[in-house]
Every structure is written in C-alpha cells, then in structure tokens.
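In what comes next, chain A is part of two complexes: it sits with chain B in the first one and with chain C in the second one.
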Partner chain A sequence: MNASAFTLGRAVRLSILIFGAAIFLAPYVFMVSTAGKAQSDIFSSSLSLIPQHWSYVANFAKALTRVSMTRLLFNGVAVCALIFVFQVMIAIPCAYAMAKLKFRAARLMMVLVMLGLLVPIHATALPLYVAFDRMAVLNSYFALVAPFTISVFGIFLFLQFFRAIPDDLIHAARLDGMSELGIIGRVIVPNAWPAITAFAIFSVVAHWNDLYWPLIVVSNQTYATPPLGLLYFRAAEAGDDYGALMAATLIITTPLVAAFLLAQKRFVEGITMTGLKG
Partner chain B sequence: MADAVAAALPLIGKPARSAAERQEARAALVLSLPAMVLLFVFILLPVAVVILFGFTDYELGYAGFRFVGFDNYTELFTDRTFRSSLWNTTVYTAIVAPISIFMALGLAMLIESENIGRSFFRTAYFLPVASLLVAMATVWQYLFHPTIGPINALLALGGLPRPNWLGASTSVLYSLSIIGIWQSVGFNLVLFLAGLTAIPRELYHAAHVDGARSAFDRFRLVTWPMLGPTTLFVTTISIINAVKVFETVKTLTEGGPNKASEVLLFTIYQEGFVYLKVGYASAMTVVFLAILVVLMFLQYRVQDKQVHYS
Partner chain C sequence: MTALSLRGIEKSFSGNPILKGVSFDAGPGEFIALVGPSGCGKSTLLRILAGLESADAGEIMLGDRDLSPVPAADRNVAMVFQSYALYPHLTAAQNIAVPMVMRKLTRAQRLPLVGPLMPGQRKAVAAIKRDVREMAVSLKIDHLLDRKPGQMSGGQRQRVALGRAMVRRPSVFLMDEPLSNLDANLRVHARGEIVELHRRAGVPTLYVTHDQAEALSMADRVAVMIGGSLLQLASPQVIYDDPAHVEAARFIGQPRINLFPSQVGADGTLAFGDIRVGLPRETVAAGAPVTIGIRPEFVRVHRTGQQGLPARIDRIEFLGSEIVLYCRLDAIGEPVVAKLSPAEGAGLVAGMPVRLDFSADRLFVFAEEGHRLPSTPVDAAVMRETAHG
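Moving on, here comes the complex of A and B:
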C-alpha cells in the first residue's frame, strides 16, 4: 500500500479511528479541564474546556488536604512492591522446579496450579476475612499483601517461559558446581527478564487498581490504597464539588498513566505475553 | 493450557532412581514447597471452607453456627435481590463482552491496515486499561451528570432528550456498560493487534490468487480463521471480566437505584462484608465460582475442537 495515496477508503478509515480516539480520550480531557474550574464554571458552562476562572490551585489544595494523597500513593507503591517481590520470589523457584527438575509431585502440582488459576480473590475473600479478623490483623500491610504472595498465574507464566531455556545451560552450570538456587539466580533469572517484566506489569496494574480486597480488610485511611482512598475522598466530598474531585482523580490516576506512557512498548509486550499465554 | 498439563506428564520418575535423581527430586520439592504451602493456605483451603460455610448459618459476630444443609441455596432461588443480581450481571455481560470484542477487532483491523499514527491510536485506546478504574468512574459520573454533565449538555445542543444516565433504574445498567466497554476495549485491541501481526502475509496473497478479491472475502477466508485462538481467549477473558464487574457499581451506584444495578460481586460484598452473613454469602460465592468453572470448561471444549493452523 502506498503511504501517500489518499483514497476514499483511507479517509473513512482515518476518520473512524480519529473519532473513536477522541471519544476514548474525552474523559481525560474533561478530567484535566474540570480540575481547573471553579464551582460556578462547572455549573454554568460544562462544554467549554478552558476554565474561565483558573482554580487549579484551589482544587488541588482541597484534594491534597481532605485525604492525604501522599499517604495513599505511598501505600499503593508499598503494597504493589511487596506483593510483586513476594510473588516473584515464591513463584520462580517453584516454576523452575516444575519446568526443569524431575520429581513425582510435578504432575499433581500442575493440576493444583491449573485449579488455582480458576479462583479469583472474590471466591476466597470470605474465609480469609474471617481468619484475619480472628487473628486481629485487619488494617495492616500484612492483610493487604498476604493473600497475593502466591500467584498461580505467575507460576504458570514462568513455567512456560522456563521450558524454552535450553537444558544444556543448566547442565553446564551444574557441572560448574552451582547449587539449584545458584542456577536460579545466575542462569534462570538473567534469561527470564522479558517474562519477569511482563509479569511485573500484569501484577502492578492488577493490584494498583484492585478495590475489592482493600475495601474488605482496610477501614481507615492509614492503610488505604489509592482506589480506597478515592472512595473516602468521595464520601468526605459529598455533593457536586467536581473541581476538587477531578483534581483528586487526576493526582491518583497520573502515576500509572505516566508509567504507561513512558514504557508503552513494554506494557504492550507485557499484556500480549501475559494475555496470550493464559 | 491443556498442552501444558500433557507436557507435565513425562516428568514422573522411573521406579529405580539413582542418588542424583533422588537429590534432584528433593531439591525440586524444597524449591516448590513455599509456593505449594501458600497455594494451600490462601487458595485451596479457603475454597474448601467457603463451600463448607455455604451449608451453615454462620454470621460473623455470633458465637457458633449450625449446618443447615441446602437451606441457603433454596433461599437464594427465592431471594429477589440475588435473582435480580444474577439477571443484571447477565445483561451487563451480554452487552459489554460482545461489543468490546467486536469493537476491538474492528479497530485492530483498521489500525493494522493504516500506516500512520499506529502507536498513537494504540495508546489512545489502551489508556483506559492503565487508568485507575475507581478514578475514571468518578470522571464518568461527571460526564453522565444529568444537569451539569457535558454529555447531556451536548445532547441539549442537538435538541435530543437528556436521560438521567446513572440515576434512573431504566438506564443505569446501560450507562455502566458504556464505562465497561470503554475500559476493556484497549486490552482486547492489543491482543487482536498481536494476533493480526502474526498472520503471514503470504496467506493474503494466496487467497487473492485463489479468487478472494473483496476485503470481506479476505477477512472470512484468512483473518477470522487465523485469529481463532486469539478470539477464543479474548472472548473468555472478556466474559469473565464482565461477570466480575464491581468497581464501577461500588463507586457510582451502590447497586441502585432500586437495585437496578445490583450485580453478583456487589451482592456478595454486601451480604458477606456489610451484613456479615458469612454462610449466606458463601453460598452466593459458590454460585459465582460455579459460573467461572463452567466458563473455563466451555473454553477448553471449544479450544479442543478448534482447528490449529500453526
């Protein structure tokens, strides 16, 4: 196809794509625009995108004082980082054993992993909540992180990836006198960065956005994650103060969106890899 | 996934094993022990307990519980809230899954055949996937606002009727579906783009030689069959994600107005974690889990019957 040829078909195609993109991006445009509008602007002229009275400072000040945004973002980062580190440290050795070592339990373990893939947190939440309540560990990082330290999806993804690593590499390392842990650290992990990055993106996107579990185990602002904190902010900001609300949503959405825009290629590769392997 | 199970089978050891083999097996068990313990504690045991709870009248805050057999399940069938919750989840899924699949497929084919702005379009449609849904739901609430919202302002300019999007029981489910579609198209789109890129160009030339002249013929004879595995995966994941709708409902409607947006996970959340009726909510959870199992089973069945071209 000639790049410069501008046929009718191409014009239609581009118009559809541009129109669709405009609709998909519209919420972001209105979010940024409304975050800078004074209450009177919001009520009088909802279609003009440029605020008449610039109120970014006032709205952001409100958003930052009602709920501690830095606290929320810190909790979000801490919880996602802890979850990811535990998931990788626990899933990689298991996946390595299942992919590269011979042992009788491997078949049973494969069945358990397959069963585990079926079960979302929503199905295990009730017993876990009862147990955490009995142990008096609700409202803690432990409660937020513990159920996700095991990622059967991670095991499954790494397992698929490790199978492709040549056995010769592992035999050579063993002949050099490396322990199995040494092999994981110095042979497997350096060869598995694409899978680890893909899994990191999958894991962080899932847990940064999760509302269900934090809503259940956290009931105060100290341990609130970004989605939960935004719910608190909405409750505190009852009524139609959309200026402050949009400022708050802007603050909370920005980190992950910025990360996505900076590392787009990795994101897309990660989604494709984690998606298609599932 | 079925292949993975099959591939794991040859790993069973032979009866007489050397010292090296025994050592390897021991190392494997040690390496997989943490994962297996956590898998048992956080997944298998809780699922067993939830099934058990489903047969009890357990309520958090009360001392004991007794077994009530299938009482919870018979109650579920007459529970108006649960029935409308199942129905609403079905309607939501029936709207969101097909539209987000076909919209993503259409957009992916348009982007694939266009040579300018590819990465811009991909980014634009994918952005909602990377955005915090609770936050973006709040933005949609503003867009949908009946009096000060931009959507109704636009409709008013065109002299069209202005619905009370999230506020009326007749339209709330459709409004939530719009948000659901907006949020999930990008994910499907990226998967379809990867699937389209993997189709060998020669197949289109071959089809052309064989007389497939129109774009529709090329789609019917090459694109659609070659995308089979991708489409199956996208369909399964779209349905499962739609069945799991929760964030937007919790943030925007709390199941209202008049239970018109009561969906499965929200009902489970209310019964189990707000009213603390653990036994009853567990029975609902079992129904939810059964739905997921049936969906996965259907995927396996279709996958096994599917023709593989690669």
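Moving on, here comes the complex of A and C:
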C-alpha cells in the first residue's frame, strides 16, 4: 500500500466502500447503542447514537440475571461443537471414499449427495419432529444435534478438496503399510486443515445462529440455544425492555464476532477456497 | 534363479486393453528398465506389481510366494514415484520413518499420547531414528532431516523419496520415472547414484522410464514395451545391436533407425542398393513386403564415385562429437539419417549431392507384422556366379 498514491479515483472508491460498510454495520452499531440506553431514551422522539443516560450496567445486569446466560452460552457451545465433531467424523471418511476409492456405488452416492444439497431442513422438519416425538427425545441435545450430523454440504466441500490431493500420495501411503483409516488419519486430515477450517466456519456460524430447528424441538429452557434463549427472554422477561434485550443480544453475538476478528484471515481464505478455486 | 516372476499379466480399463499378457522373470538383484512410449502400459504394470491396481489375469510370484492376493501394504514392495509423493506435512526424517513406524510399531504403540506409554515403544522408536539417520547419511541428506518437502529442491526431495523407499529393505524396488522431474545435469548425476544404491540394496529393481538413455545406461536388462506387449527383454547391447521387433528398433536409438519398405525378390533374397541379403526361404515367400532397417552410424557417405545410392543432403546437425546428416534418396524420396564423425563430415553442406551405402552385415530385416527375420549378407560376386551357373 502506498499512501502517496491517494488519487481522486481511490478516494471515490474508498468512500463508496465506507458508505457500504456503514450501511451494513448500522444495525449492529445501533444495537450496541441501544444496549446502553434507558427505557425512556429508546422511545424518545430524537434519534441519537450516544445514550443520554448511560445504562449499560443496568441493562447488562438485567440480561445476565433474568435469564441464565451461562446456560445459553454453554448450550450454544455444546451443540455447535457436537454438530461440528460429528459432521467432520462422518464427512471426511465419506468424502475420502468418494474421491479416492473405486467402488460400484460411487456414482449413486454422488447423486444422493447432490440431491441432499437440494433438500432444505425445512422440508424434512415435520417428519423429523414426529419421529423425535415418538422416540421421546424432544428437548434434548440429541434432538438438537442429530439431524445435522450428516452434512452433505460438508461431504461436498471435502470431496472437492480431496480430489485435488494427488493419487500418488495415497498410493505411497498404502505401500508404506497404512490401512485406509490410517491414510485418513495420517495423510488426509493433516493436509486438510484449510478445508476443515473453512467448514468449521460455515458449520459453527450456521448452527450458532440457528433459531428454526431449536424452536421446533426445544420447549424447555434447559436446552435452549442462544437465539432461542433470546426469544424466551423477550417474551417472558424483557417485555418491552429493549435495552436489556439488546444487551443480551450483544452478549450472544460477541463470541462469533470475537472469533471472526481473531481468525479474520483464515475466514476469508476459507470463503475464497470454497468459492472460485477448483 | 528367479526372484520375481510375472506370468501373463493382462489389464484393461473400461474395455481398452492396456496390458496384453506380459510375462518376464527378474533375477535377484537384477536391474530391469521398462521402457516404452507414454501409454504403453509400463506404469500400469508397475502399479499392478505394487498392488495398487489388480490385474485382470496372470500371476505375480515373489520367490515362491504368490503376490496376487496380497494387499499393497503387506507386499513389502517399495516404490519411488515421479512426483516423489512425500507427505507434505512431515519433515524429511518423519517421511523416511513412516514405513518403519507402520511396520516396527504395534497399533497401540503408534497411538498419539498413549503410544509412548506402551512397553518397548521407546526402544523401537530409537531404533527407527537410528535407521533413518543411517539412511540419510548414506544419501547425504542428513542436514535436511528437519525440513519439510516444501522447503527442499527437486533433487533433495528425490533423495528423501529414495530414502523412504529403501529404509525398510524391501524385497522389490519399483521406480516410476523418478528422474523425469529433475533438470538435465542432475538427472545424469542421479542415474549413477541410483545404480549404486541398487547395487548396495541387492533386490530386484524395476525402473520405468520413457528415456532410452536412462534405460540403456542404467539397466542390466532393458524391457521394451509397446502397445501393452513386451517386445523384447535383453541386455542394452542386444536391444540396440540385435532388435527383435521393428518397434523396438524404432524406439531405441538416437537418432532413430532408418527404415525402408521393401519386397522380397523372386529368388528369396532382398536387394537394396548395391547390397543383397539372403532370407530363409521357409519363413518368407517371394514378393512378401518387408521392412529394412539400418542404424544411422552404419550409413556410409561418399562424395564421389559410383558406389551406393544417390541422395541429397537436406539438413546438417552439428552435435560436437558427431554430425547428423538428414538426406533424401533421389530414387524413392525416402529420408535417410547418417551419423558421422566431425572429420568425416567436414565440408558437407545442405543441398549437396552424395552417395549413400550401407554395411550389409548391419542390415536388419523385419517381416510385415514387425518381427525380425534372420538375414545373411550375400556377396554380389557370388550372386552373379550362381546366376550364370
């Protein structure tokens, strides 16, 4: 970057980008601001970003005391971690087999994966709900995690990545005496970290923010994930207390924002890898 | 005594025959080069031997053990790949250690965290480390042991790949064009090193290459494979001086052998320019089409006189120690390549008329289907006499 090359064109481009960024950031900024306002401030006719009476402490105290925030965050972490671990444990061997082994059902499996990509969770939600109800497993981590353990998106993503791993490397591993599981553990996984990271981002972001599925299978606060907890909080505790609600939202979004800021470079790498690069 | 024996190996990919019944034996400690144009099935044969592909038919015997049902991991066959196929996430030392770790340690001893607690693990690991170091010293890569493949040059990677293949003392050693990713200087240097390593290891080695110079210079015997068949398996000298098939003759030799279409005469002999060769009557009928072959170094170039066939020089290549003449015969328009010493070629220029004549005892005659016909030079004077008598 050369600071002296600050031309008119560059200025125009930057101002467009800043404008765009401001639009996208505005709701979040507004949320941060509202989390610090007292009830009277929020409903005053004048719109200001800086709270007139600083009520951060009061709002956060409310958010932290009225719902079990640690419980929500723990549930969020546990559910996302379980989903991610199972997804990787299933998707990696599956994608390896489809990419590098020759077997008769490979084509059929490819078609099934493609079909799986086309079917959204909303289509299968009702049958799954009925099945879980019959099995009496609603309101459990199992109900939250099980439907997502097989990720066709994950299989597809790893499949693309594994296809680029040279066959000779696999052949060498076989000649060196490794079993197929050994190859996955000793050769594939250590070389697949970029793909695993990218997939982790997609998976964790999607399931941390998911409201739809927890809303269906969880009615007990003990198993509520953060977005569902917010919903309860609004309905039961906060009522019209938007200050406290925004404070709670801020707490819940913080882990993802922090994770993004820490792993910003990886995040962008992961997105670009799954996009254009073959 | 044979150490390795292949019998009637056949393989086809989706209906295309790649190997059409390949059989040969290799002695203990023999270095065999498999040479042929790309797509001739030589790499497939290697992969079948390694157990990475399965043959449609045929058997592989190692000593008196049938290898066909044995999976690749248990064959104790080592292979060096063209791309080296080093594990990119491991250092050179770890790469070389992998085959030892997989064989010398039990499943429990290999486990991360728990492994070092298993009885005997520390001793086994120390033994592996010692072997790796010895191997590295003998390959002169001991200073590279902590580097990853990405931080090494092509030549260094190739040595690490050799080390990984040799460290566990395999019973067969396979190499799939291991030198083709090196630059020309390094390649010639590495040839000698591989031959030396092979001599020390003393196990049958199959070396696949498309470079005939590598095959001829390194191997005890050269196997010429073309179109999925083994055309000839013989010492480099026999391959060159006594080719069994027209394709083998065409593939081996730089510049390429001169080939001319011809026909057997009514008396069962073959006339070519001033020379005449006799062919066994029982194998070829009069009038049968044949191919005549002569290596460029046995083409003699005359600037004057009546000897030989008139031709014209198209192009001259000066290669330092020799001169290659590209000529064209006036009578039939066929190109002829001749190899001369610089002294013989002095003063020759493109466009010059010359006369070409051939050493009759160096002439090869091939039947229409390609196999070699035994031929004997016939003295022209004797011919005339028998015709008169």
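Keep this in mind: the second predicted complex is superposed on the first by the 255 of 278 C-alpha atoms of A that agree within 3 Å, B and C clash if a C-alpha of one lies under 4 Å from a C-alpha of the other, contacts with A are read in each partner's own complex, and residues count from 1 in each chain.
Everything that follows uses one rule, which is that contacts are C-beta pairs under 8 Å (C-beta built on N, C-alpha and C of every residue); 3 or more make two chains touch, one makes a residue touch a chain.
Computed from a predicted model, the values in this text were never measured in an experiment.
Chemist: Putting chain B and chain C onto chain A via the overlay, clash or fit?
Modeler: Chain B/chain C on chain A - fit side by side.
Chemist: Quick one: classify A:Met69 as touching chain B (first), chain C (second), both or neither.
Modeler: Neither partner.
Chemist: When the two structures are overlaid on chain A, which partner does A:Pro166 contact: first (chain B), second (chain C), both, or neither?
Modeler: Once the two structures are laid over each other on A, A:Pro166 reaches chain C alone.
Chemist: At the Cα centre of chain A, what angle separates the centres of chain B and chain C, to the nearest 10 degrees?
Modeler: Placing chain A at the corner, the angle measures out to 90 degrees.
Chemist: Would you check which partner chain A:Pro190 touches, where first means chain B only, second means chain C only, and both and neither mean what they say?
Modeler: Touch partner of A:Pro190: chain C, not chain B.
Chemist: What's your read, chain B or chain C touching more residues of chain A?
Modeler: B
Chemist: Answer with first, second, both or neither: which of chain B and chain C does A:Cys80 touch in the superposed model?
Modeler: Touch partners of A:Cys80: none, neither chain B nor chain C.
Chemist: Classify the contacts of A:Leu175 with the two partner chains as first (chain B alone), second (chain C alone), both, or neither.
Modeler: Only chain C is touched by A:Leu175; chain B is not.
Chemist: With the two complexes overlaid on chain A, what is the closest approach of chain B to chain C, counting only CA atoms, in Å?
Modeler: 5
Chemist: Which chain C residues qualify as touching chain A in the complex?
Modeler: 47, 50-52, 72-75, 77-79, 81-83, 85-89, 98-99, 102-103, 164
Chemist: Which positions of chain B touch chain A when the two form their complex?
Modeler: 1, 4-5, 7-9, 11-13, 21, 24-25, 27-29, 31-32, 34-36, 38-39, 42-47, 49-50, 53, 60, 107, 110-111, 113-117, 119-136, 138-140, 142-143, 145, 148-150, 153-154, 157, 182, 185-187, 190-191, 194-195, 230, 233, 237, 244, 246-247, 250-251, 265, 268-269, 272-273, 278, 281-282, 285, 288-289, 292-293, 296
Chemist: Which residues of chain A touch chain C in the complex?
Modeler: 166, 168-169, 171-179, 182, 186-187, 190-191
Chemist: Quick check on the complex: what are the chain A residues that touch chain B?
Modeler: 1, 3, 10, 13-14, 16-17, 20-21, 24-28, 30-31, 34, 42-43, 46-47, 90-91, 93-94, 96-98, 101-107, 109-120, 122-130, 133, 146-147, 149-150, 152, 155-156, 159-160, 163, 180-181, 184, 205, 208-209, 211-212, 215-216, 226-227, 230-231, 234, 240, 242, 245-246, 248-249, 252-253, 256-257, 259-261, 264, 267-268, 271-272, 275-276, 278
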